[in-house]
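Two complexes, one shared chain (chain A), two partners (chain B, chain C).
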Partner chain A sequence: MSHITIAASAKAFQQLFNEVENNFSFSKSDTANFGPFSASYSVSVHLSGGNLQLNNDNTIELQNVDIVFGTLDFKLCLDLPGFCIPSFCLVPDPWNGCLVGFPGFCIGGPICADLNLSGLTSQITDLKASLAPKYYIDPARLPGWTDLDAELNGHSNQWQIYIDPVLVNVAPIDVPATIDNILVNAITNAIDNLFPSWLPGWAVDIIMAFLGPIANLITDLLGITTSIAEWLSNLLGNLFGLLSLLETAIADYFASKYPLYQFEDPFPILPASGGLIPVKIPIRNLAATIDSQEMIVQANVGA
Partner chain B sequence: MKLTFDQNLFTQIGLDSGSLTMLGGVTHRFLEPGQYRGVVYRNGENLADFYVNVDKNSPVAQANIDLAAFEPTQAAAATSTTGSTCNCQRESAKAGTKFEVNPKGYAVFHVSAGAGGYAVRVSKAAEDPKQQNPFDSRELKGDDIFSAVILRPGTYSATNTLGGKEKGKIIVGYPKIGKTAYRPPSPVKVACSERGFEPGKLELQPGQAILFHAAVPTRITLELTKADDGPADRAAHVRSGWKKAALPDKKKKKA
Partner chain C sequence: MGYTDNCDLYAAVHEDGINLVAQHVMRQRPSWFNFATQYVSDHLDLACSPVAHTIDVTDYKNPLFKVVSPVPILGADSPPVGLNFCVQLVKAEVDFYPGNIFTLPAVLNPPLPQQHLAMHVQICGGMDCPSEFLNGFLPTPTSPGEATNVQPTQEVVPPTRRLLCFCLDAYLVAHVGVQIVSGKPSLVGIVDSVDVVGIKPKGLSDNVNCYLKTTFELLLKEKLIFPISTMLFDIPLLSLATITAQLTPNPPIPNNPSIDDNQLKIFITLTVAP
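Coming up: the complex of A and B.
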């Protein structure tokens, strides 16, 4: 039988969990070339809300946690094919082919569009975990120190209880359909800004006629077969691997970065007073379990 | 970032078959096999020479000869001499470059970049002037073709400065942004005879080519007589500057 048993109700557990969740942050930036275009992003993420459920099988389950992209700066660069004078046939052959052609040529150039996609969201659709106690030895603690020395120097050892995920699923990034217009406007803007000031209006109109509708140009150049929103979600989530990175970061964070609960070892029973040193008891064999009602932490008092 | 632009495409409005620019080219057939020597002129001055080997055994049906490539240096061709802002990578042809073509094939003289102003004269390497059978782009004849592309919308007057009584009229329409990207229609053929041009009046779309077939000594000039600047209510082009492309603010979800 354990010497110590502590229980935290589901409500208390939720409060402990909220603090863990609120402390999560993830940031990442990357750039990649995808052939006809290149893209880069810079992202910072936090978690918000969700449903926490305690189970009788010693697990917790988390659902519908919003992953909020507080910052998501996205840059898309592509080679504008521009204005082409197509090659044309000077001397046709008798089989409707061309015997002699005039060499065509194109003018074009790279353009980039910056999109501020901050505020997009995804979700942790499912996170299942158990509790994992760990004993933390402060690396700054010197070998010759007693427990009292460690406490006085702020480097006590700790018992920590982590949420140890066994699975994390993150949903695709939810990109609204309005991104179509935003991207088209951004690309149109970028093209407009490329035209030199000396270019006469009729020349601008010819080039824009050659380019055709910008929405079609974008989908053609980027090889988009679905909607722009789906394409962007797939680009960020899968091609850049942001979903996998998030899943790994979330799992790693819960499992080892921010404990659900921690306390120092030896545990102080009475503070120092009247010239006497504090009274502390060593905690051993800590175990944390969970059921649908509460979290239970049990331990023994060591020597 | 800059759009790769050769401003000569949009600043040179008229065309002259005897002074080739990016929007004009000349096609010639060398019917007799043998060695030919060509000279490239820019604005009347000798720029470079080259050779054409017309060989019955040659598999080459079309020799593309880029006159701009004979400029002394690409840098000079792309900036100071031509006034171009194009940074295109072109292969530079050194003086004395040899080309090859089958006598049943064609030599196409064109200009890939720059301000142009080129003419070319090619004659057979023979002592007897009667056997030299010279070709001069300033005087097209026989099967020669002058191919011209007009970009600037408006009405043009076509003239054969070496003959032809009647002038031609060419109307180039104003571009419209359609549901698909615009591509110029197929080239239009025009015969140059003693009477003038046949047909004498053409309606073209911007970028649509005209192929002038020279049946008589011909030097074509195309001159803008009336510009078409589009609809009166056409919005003037202005740089839009930087604009924030961002998702609209979402209202916070209710808890």
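Coming up: the complex of A and C.
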């Protein structure tokens, strides 16, 4: 029989897990050129909610955890086809020349639209994991140190219990259909910014009419064959590889970044007092298992 | 049946583990278990038993002995004379119900009752017998009427070549309760009865038993008291602002803490704030 047994009910385990989940964060930014356009993003992500289930096969399963893009700044740059309105005379001079003329104007070239997509979500549809106890030896610990030296220098060894995922599935980024209007408005603004301030409104209207519906212009220029929402979801999730990055980050985080439970080894059971050193107990053979009811941690006291 | 069928957190420590813990405590806090005069503390070879200790104890200049005053020779006052001695707790082992590690003496009514623990300690001690000192001893002369308003004469402690050592086996029966210490529920041992084997006559035995019972009771209450969170290795749940932890009441848990199956067990219920 193990010297030490600690058990946490499913309810207690859920609370432990919440702490791990709430501390997850992921940030990433990237820029890429996709031929007719280039794009960049800067994202920060956290996790929220979900259903946790303990299984009798020594695993836990997590479903429907929201991946919330707390920040998602997206920038899209594309080449607007160039064309010119040549100069012409608006009010001719009856004797000679032109009293009021239109000097002519060319537009075209690169335009960029900034979109704030913060609040988009994805989901961890399924995460299956087992518990993995690990023994962490602080790399800053000097070879000649005793355990007490290590503690007093802030470099104690630790027993850590991680959630070690064997499977992480992340759903495509959920981009709402309203993104169409957001993108159209952003591109329209970007085109507007190309016009010099002296250009009269009627001239702007002529040019915009010439460009045709902006939505069509966007889909033509970007080669979009699906909805804009699907295209953007695919761009971020697959072409930028954000889904894959998220799956890896989530797996790494649970497996090695934030333990479910950790404590110092040797474990201090009596604090330093009156000049006397703390009393510390070596813990050996830590094991962590799970069934549908509870998590069980067992260990021995070292000699 | 699960450990947490009727609670949210469960912790148990087996007597084999507790006995290893006892050894660690004794090796890391030797001055809690070894008492001697300054002379014996300065001449470790005089001790009745070598003091087991970790290297940290000496590296961090912790004492091996708690230094105490010499045993006074009653009536000797010109000069006062004290004798070197030491008392050492050299072995301690715990046996949780049902008793299976050692046999209790008959006076403690074996077998060990339910929900109790037994403890066996071996105490070794010894005192100097300064016969050579007496051969050359000359009392300090005093004048009549000097009994008051004089500086007390410095106590003389004869140098010691060896102590006359002996060892006693003591047994105690105790149970475990919960006491709030610094706002934290903590486990404390409560001594029910003590017997030191082989001491006669009965009056002396009663005195020694009472002295030891008081000693253990105070030691357990003052020094060897452990927050319940220690048994759970400070599991982070207990420090979350949203969670209130309390010992699971009866019903559903009839004894909490419980001593059974050779283990000390605690059961905790959590309340999670919405």
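What we mean here is this: the second predicted complex is superposed on the first by the 266 of 303 C-alpha atoms of A that agree within 3 Å, B and C clash if a C-alpha of one lies under 4 Å from a C-alpha of the other, contacts with A are read in each partner's own complex, and residues count from 1 in each chain.
Basically, a residue touches a chain if its C-beta (ideal position, glycine included) is under 8 Å from a C-beta of that chain, and two chains touch if they have at least 3 such contacts.
On a predicted model such as this, the values are computed, not experimentally measured, just so you know.
Once the two complexes are laid over each other on the shared chain, residue contacts for A:G223 go to neither chain B nor chain C. Looking at the superposed arrangement, the partner reaching more residues of chain A, out of chain B and chain C, is B.
Once chain A of one complex is fitted onto chain A of the other, the partner contacts of A:P176 are limited to chain B, with no touch recorded for chain C.
In the superposed pair of complexes, A:P200 makes contact with chain B only, with no contact to chain C.
Of the two partner chains placed by the overlay, only chain C lies in contact with A:F263; chain B stays clear of it. When the two structures are aligned on the shared chain, A:P271 is found in touch with neither chain B nor chain C. Contact with chain B, but none with chain C, is seen for A:G212 once the two complexes are overlaid on the shared chain.
Of the two partner chains placed by the overlay, only chain B lies in contact with A:G109; chain C stays clear of it. Residues 1-9, 11-12, 15-16, 19, 146-149, 261, 263, 267, 269-270, 275-283, 291, 293-294, 296, 300-303 of chain A touch chain C in their complex. Across the complex, chain B is touched by residues 49, 80, 82, 85-86, 88-91, 99-103, 105, 107-120, 176, 178-179, 182-183, 185-186, 188-189, 192-206, 208-213, 216-217 of chain A. Residues 2-5, 7-14, 16-17, 20-21, 23-25, 28-29, 31, 54-57, 59-60, 62, 223, 226, 230-237, 240, 242-243, 262-263, 270, 272 of chain C are the ones that touch chain A when the two sit in their complex.
Within the complex formed with chain A, the chain B residues making contact are 1-7, 9-11, 22-23, 25, 27, 61-62, 64, 85-86, 105-106, 108, 110, 112, 145, 147, 149, 151-153, 174-184, 186-187, 206-207, 209, 211, 228-230, 234, 236-237, 239-250, 255.
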